[in-house]
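The first chain written gets the first letter, and so on, giving A, B, C and D; residue counts start at 1 in each chain.
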Amino acid sequence: MKQLLKNKNSRTNMITYLVVIVAYLIMQTLNSMDMLGSSVRGYLVPLCVYISLAVSLNLLVGICGELSLGHAGFMGIGAFSGIVIASLLKGTVQSDTLRLIAAMIAGGAMAGVMGFLIGIPVLRLRGDYLAIVTLAFGEIMKNIVGNTYVGVDDTGFHFAISPTKMRLGEGGKYFINGPLGATGVEKLANFTMGFLLVMVTLFVVLNLINSKEGRAIRAVRDNRIAAESVGINVTAFRMKAFVVSAFLAGMAGALFGLNYSAITATKFNFNTSINILVFVVLGGMGNILGSVISATVLYILPEAMRGLEDFRMILYAVVLILVMLFTWSPKFKEATAVFTGKIKGIFRPGKEAGNNE
Amino acid sequence: MKKFVALLLAALMAVSLFAGCGASGDEGTTPQTEATGSASGDEGTTPQSESTDSANAGSEAPALKIGMTGPLTGSTSEYGLAVRGGMEIAVEEINAMGGLQIEFRAEDDEADGSDKAVSAYNTLKDWGMQIFAGAVTTGSSLAIAAETVNDQIFMLTPSASAADVAMTGPNIYQMCFTDPNQGASAAELMAQEWPEAVIGVIYDSSDAYSSGIADGFLSKAEELGLNVAVDDAAFTADNKADLSTQVTQCKDAGCDMVFLPFYYTEAAQVLTYADTIGYQPTFFGCDGMDGILNVEGFDTSLAEGLVLMTPFDANATDEATVSFVTKFKENNDGKIPNQFAADGYDVIYALYDACVAAGIDGNTPAEEACQLLQEQFATLTIDGLTGKGMTWDENGMIAKDPAAVVVTDGVYVPLG
Amino acid sequence: MNEYSKKMLKVPTYTLLREQDMDKLPVLDVRNLGIDFGGLTAVDSFNITIGPTEISGLIGPNGAGKTTIFNLLTSVYQPTRGSILINGIDTKGMTTHKVTKLGIARTFQNIRLFTDMTALDNVKVGLHNEIKCPFVCSLFHVPPYQKAEKRATEKAMELLDFMGLADIADQKAGSLPYGVQRRLEIVRALATNPSIVLLDEPAAGMNPSETTELMHQIRRIRDTFHIAIFLIEHDMNLVMNVCEAIAVVNYGRIIAKGTPDEIRQDPAVIEAYLGREEGKAEC
Amino acid sequence: MQVLQYLINGISIGAVYAIIALGYTMVYGIAKMLNFAHGDVIMVGAYISFCVTNYLGLPAIVSVIAAMGVCTILGIIIEKLAYKPLRGTSSLAVLITAIGVSYFLQNAAQLIWSSSPKNFTSIVTMDPIALFDGRLIITGEVLVTVLISALVMVGLTLFTGKTKTGKAMRAVSEDRDAAQLMGINVNQTISTTFAIGSALAAIAGVLLCSTVPTLMPTTGSMPGIRAFTAAVLGGIGSIPGAMLGGILLGIIETLSKAYLSTQFSDAIVFSVLIIILLVKPAGLLGKQVQEKV
């Protein structure tokens, strides 16, 4: 353990886990003491979902250096397949928790398979071209899911991707009803499961980063040609990262879908993908704890600003721009460096401020 | 070590922000949220009333808290803002009458249909909402409906028209027509007035409202044996910038009647393009079409002969409508209200009438109000801006006359 | 293998083999290699055979196509003509990482280290294929993986120590001095367990004492790991002292091949390359 | 005949995409950033033009000039405040800031002009040309849009090829550091690019709303993304590529709606994009840059 803490990476990881666990315990305690309002209780699950999405996208954007604009597409696949699986298992599996887990795994698997299939052609592209193709993928998914019908009636299970409404027999029930989306979904999600999802996501992503796979992925990002020259199969590694990221997004999507009684395909649009990307970039590329914190803050922010009424979204935009400028601008970084240097100088008299190097 | 402390601090800050939010949410009406969306400058109650049942017992009953969610920002905010505007007028009028006072609050749900919608609703719940008068869009209503069933909060949506909304629970009622019903009535009307017409249908396949009506229309049309030549001219929210193809399809199929079950925003586009290419069929719209004559810059002559089924006519000369339209214009920079605003207005009055009849006031717990209102709505009959003698069936769906009008010289004239 | 050996005997003129390698399979055997870039022939009729423990050099004026040849050997470019056999296996159509697995490793003219990673991690990336552990194992950090990882760290440290870089193991590669970066790149190449290492101007940017040190190290690498080394270098002192065989290219073609002494006296080389001796300082 | 009509419809919307894409591609080529706020500058341009004609009663041409002026200033301000401080950092950071700017413009427009749609009166007063007894109709908007986007394309090509500023732009686009060393004021050049891009956005906004009359605060966002797609399709950074990509995208969209499926037309359009990029990874007219080893 001592040795573990010596390693800087493992120390950062421990902190990340610790922060999440402590936050969970605090929220759970407050919740059990009935000290949370409905709105805060309402945030808990989607917040966990967005944290997971941000962390899994960070694997792709921050660690691999691949810009993806279609993360919400994977989330959507996960959500809808999770909903279908949860509904189908209703009669056979009694435990809600087991059903939720099954739905999440199915959602993840479905998204992972999709990620793999898309990855085969797409991962040949790089940079902004990869970005536009992932955007295209998200739009295709949204369009197709919006015309998908899944349901059961007396004659059994029905599935159709069709421009005209699929009709079920008398007493049939739609799980996914085209543009209306999934309605009458049983709410299985809960905060503990959200917390577990975050932990699993963190575990997978952090372990991946700190394994030989992660080392290889970082090498590929740093210098693709050199990585290839030492025998690293670049395409395979991009694919692995892509599929893992899609899988995690699918799991998060399934939890999200099962947290609401109705959901439509339009939720998983470009804007949602962009929002997740904003969490990642603001939290710092490759900084997992940063993603967790920025997803939390940015998700809560517009909610906390409800009091501003019609000015809410415009102020959110202003805050977003300002935060980006403050965290990324070289000038501002310089200014803060000088500032912290001065502070250090106060505490360490005798040494010239800002001249510590 | 320094970094560790820094990170821990950051984390603690995040947690405290989170918890801080929780606390403020819990109190419901912090000063900053108090002003929100409430059109209640002149009410007699203190906004600090934390809960509805205990604090003010004995003194005069606090105001009844009615909440609404809808898109107040974003691409569909037009509808949310209209409903809010209509509701605010009704609340002002009611509060001015004395008697039962209403405190009203609107929250932005961004027409999101999942997390944002539920969180807007939760914010209202924390505020102490007793009756829910939303949501505006079908997606958000579907997501919130299940919550209201759990919480036993009465829900009367002004404009969420999918049949599934009311079917979610016994506590959910609708003020507008349900989509399949509206589609079916349109088909019936066509069969009656234009039995020989060659019909084309253009609809928004990414929108529940539009595809719901189209679906209801097509199945009824099949039953009635109408001649539908084009039934798949759909568009989506992403590609509605260009509707020329769909219009051309109808033109090429020789349609002399084109059914447009979507909002006037896109309809204006269809009418303009059809005019450009000299295509002059009879256009037939639904309640979402109301408002087309008031689009700024729109040449109303293009809408000449347009048939639409709307429950509301802003140009009507009856006293109620005139007064409503005047007030709405005053409050909204001269904007003319559409049926969304009228539905919102009617919702507040329906709730008010029912509450007065059932003796519900600011002290009634939401669950109790929910029960009482359900009993009331079973027998309630309302005369409003969007219809006379409106009643509700046991599913919570409204029964009102689908008044069909035809645009003549820039105003609505009853059909026939 | 026999088949191959027979072939070798048929075309003895290609070889620059040292005597002790005569009865062994050559590690690199290039036949009639050529590449065109949009009508422009960059390399043509390039033939070379390198024995398993040979140190050979590739020299030629700037723009002669030396680095292009290295890129062809490591499949960064696919050749238009000819064949490359590494340890007897044809690399036609293979990607770079596959060719690396056949036993060829390289350094780059414009150093390509993983600048954001530590020196140790750079070497461990080179050891990637040595850590044999399935994806799931490394994902869950199971004990066998941790053991393999530990072994890799030890091996990487050994390699760093070999080149005298053990004390900078924890420093970011990008922050190291130029000469150290060059040596680190060699260590990373060695980590892939190659049978031949291609060094692209290993002494570029080094001062004379560093260069002398490098010469010793190049010999030591061959003698310790028993591998072949093929290097591009402009520093004639290094080339003539270290290489046992030299090939000279100009305009993409070999103009001379032989021992350092033979090259020194070759009239074609003198004309094309050494003739510009007075300009040597500029190189 | 039917096919021709669909083709013309496709070219009509495609030319609008093209002119928006020209703005995207120019900014991308030189500043190397995806300016997701471009679509919203278009919207602002359209609103300005609408206000000038409808509220001030001035002729259409004045409204276009006014829109260009306002958008140019807006573009410069956005660049100075939001993008310039981040120059030289991760391009992703600028992308996110651009998204912030996009949100800002949309919400500001909602506060200023309200969210109710306005019906934009076409600036083209030409009557449609009816051919083959009215079975084929070419609207004035189509002709004007195609003409103007072609003019803009040629103009931009000449500008970047012949003028000093244009050459500086190309130099910055090729190699920013080298250009700086050659004495080119990179910041100035990039600001000029934004100014030109924003002026183009104003024209694009007017043309977009002349073709598609509904004007709302979100009017620019979806065509913006489509145009971005078109720019990538044609090879982002390439001026003729943007034109080709835009027209092609419009045609594909219209034909897939007409003959394949209206419901799945989004999926079809984006699938075509993916397929084209797989065959030509740098877009139709884009330069494939080989990484030097």
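The definition used in the following text is that a residue touches a chain if its C-beta (ideal position, glycine included) is under 8 Å from a C-beta of that chain, and two chains touch if they have at least 3 such contacts.
All figures in this text were calculated on a predicted structure; none of them were measured in a lab.
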Look at all chain centres (mean of CA atoms) and spot the one farthest from the centre of chain A.
C
Skim through the chains and flag the pair connected by the most C-beta pairs in contact.
A-B
Centroid from C-alpha atoms only, then distance chain B to chain C, rounded to Å. What do you get?
73
How far is the middle of chain C from the middle of chain D, if each middle is the mean of its Cα atoms, in Å?
50
Centre-of-Cα separation between chain D and chain A, whole angstrom
31
On a C-alpha centroid basis, what's the spacing between chain B and chain D, in Å?
35
Do you know which chain C residues sit against two or more other chains?
76, 108
Would you give the residues of chain A that are in contact with at least 2 other chains, written as numbers and ranges?
139, 143, 147, 163, 225, 310, 313
Multi-chain contact sites of chain B, meaning residues that touch two or more partners
73-74, 205, 232, 234, 236-238
Considering the complex alone, what residue numbers of chain A touch chain D?
61, 67, 121-122, 124-126, 128-129, 131-133, 135-137, 139-140, 142-144, 147, 163, 224-225, 270, 274, 277-278, 281-282, 285, 310-311, 313-314, 316-318, 320-321, 324-325, 328-332
In the complex, go through chain A and note every residue touching chain C.
204, 207-208, 210-213, 215-216, 218-219, 222-223, 225-234, 240
Applying the document's contact rule, which stretches of chain D touch chain B when the two form their complex?
2, 5-6, 9, 12-13, 50, 54, 106-107, 110, 114-121, 128, 130, 134, 137, 139, 141, 208, 211-218, 221-223, 226, 250, 253-254, 257-258, 261-263, 265-266, 269
Complex contact set, residues of chain B against chain A
4, 7-8, 10-11, 14-15, 17-19, 21-26, 28, 30, 32-33, 35-37, 72-74, 107-108, 112-115, 118-120, 122-123, 125-126, 138-139, 142-143, 145-147, 162, 164, 168, 205-208, 211-212, 215, 231-232, 234, 236-238
List the residues on chain B that touch chain D in their complex, please.
73-75, 77-78, 81, 205, 232-242, 244-246, 248-249, 252, 264-266, 268-269, 272, 276-278, 295-299, 333, 335
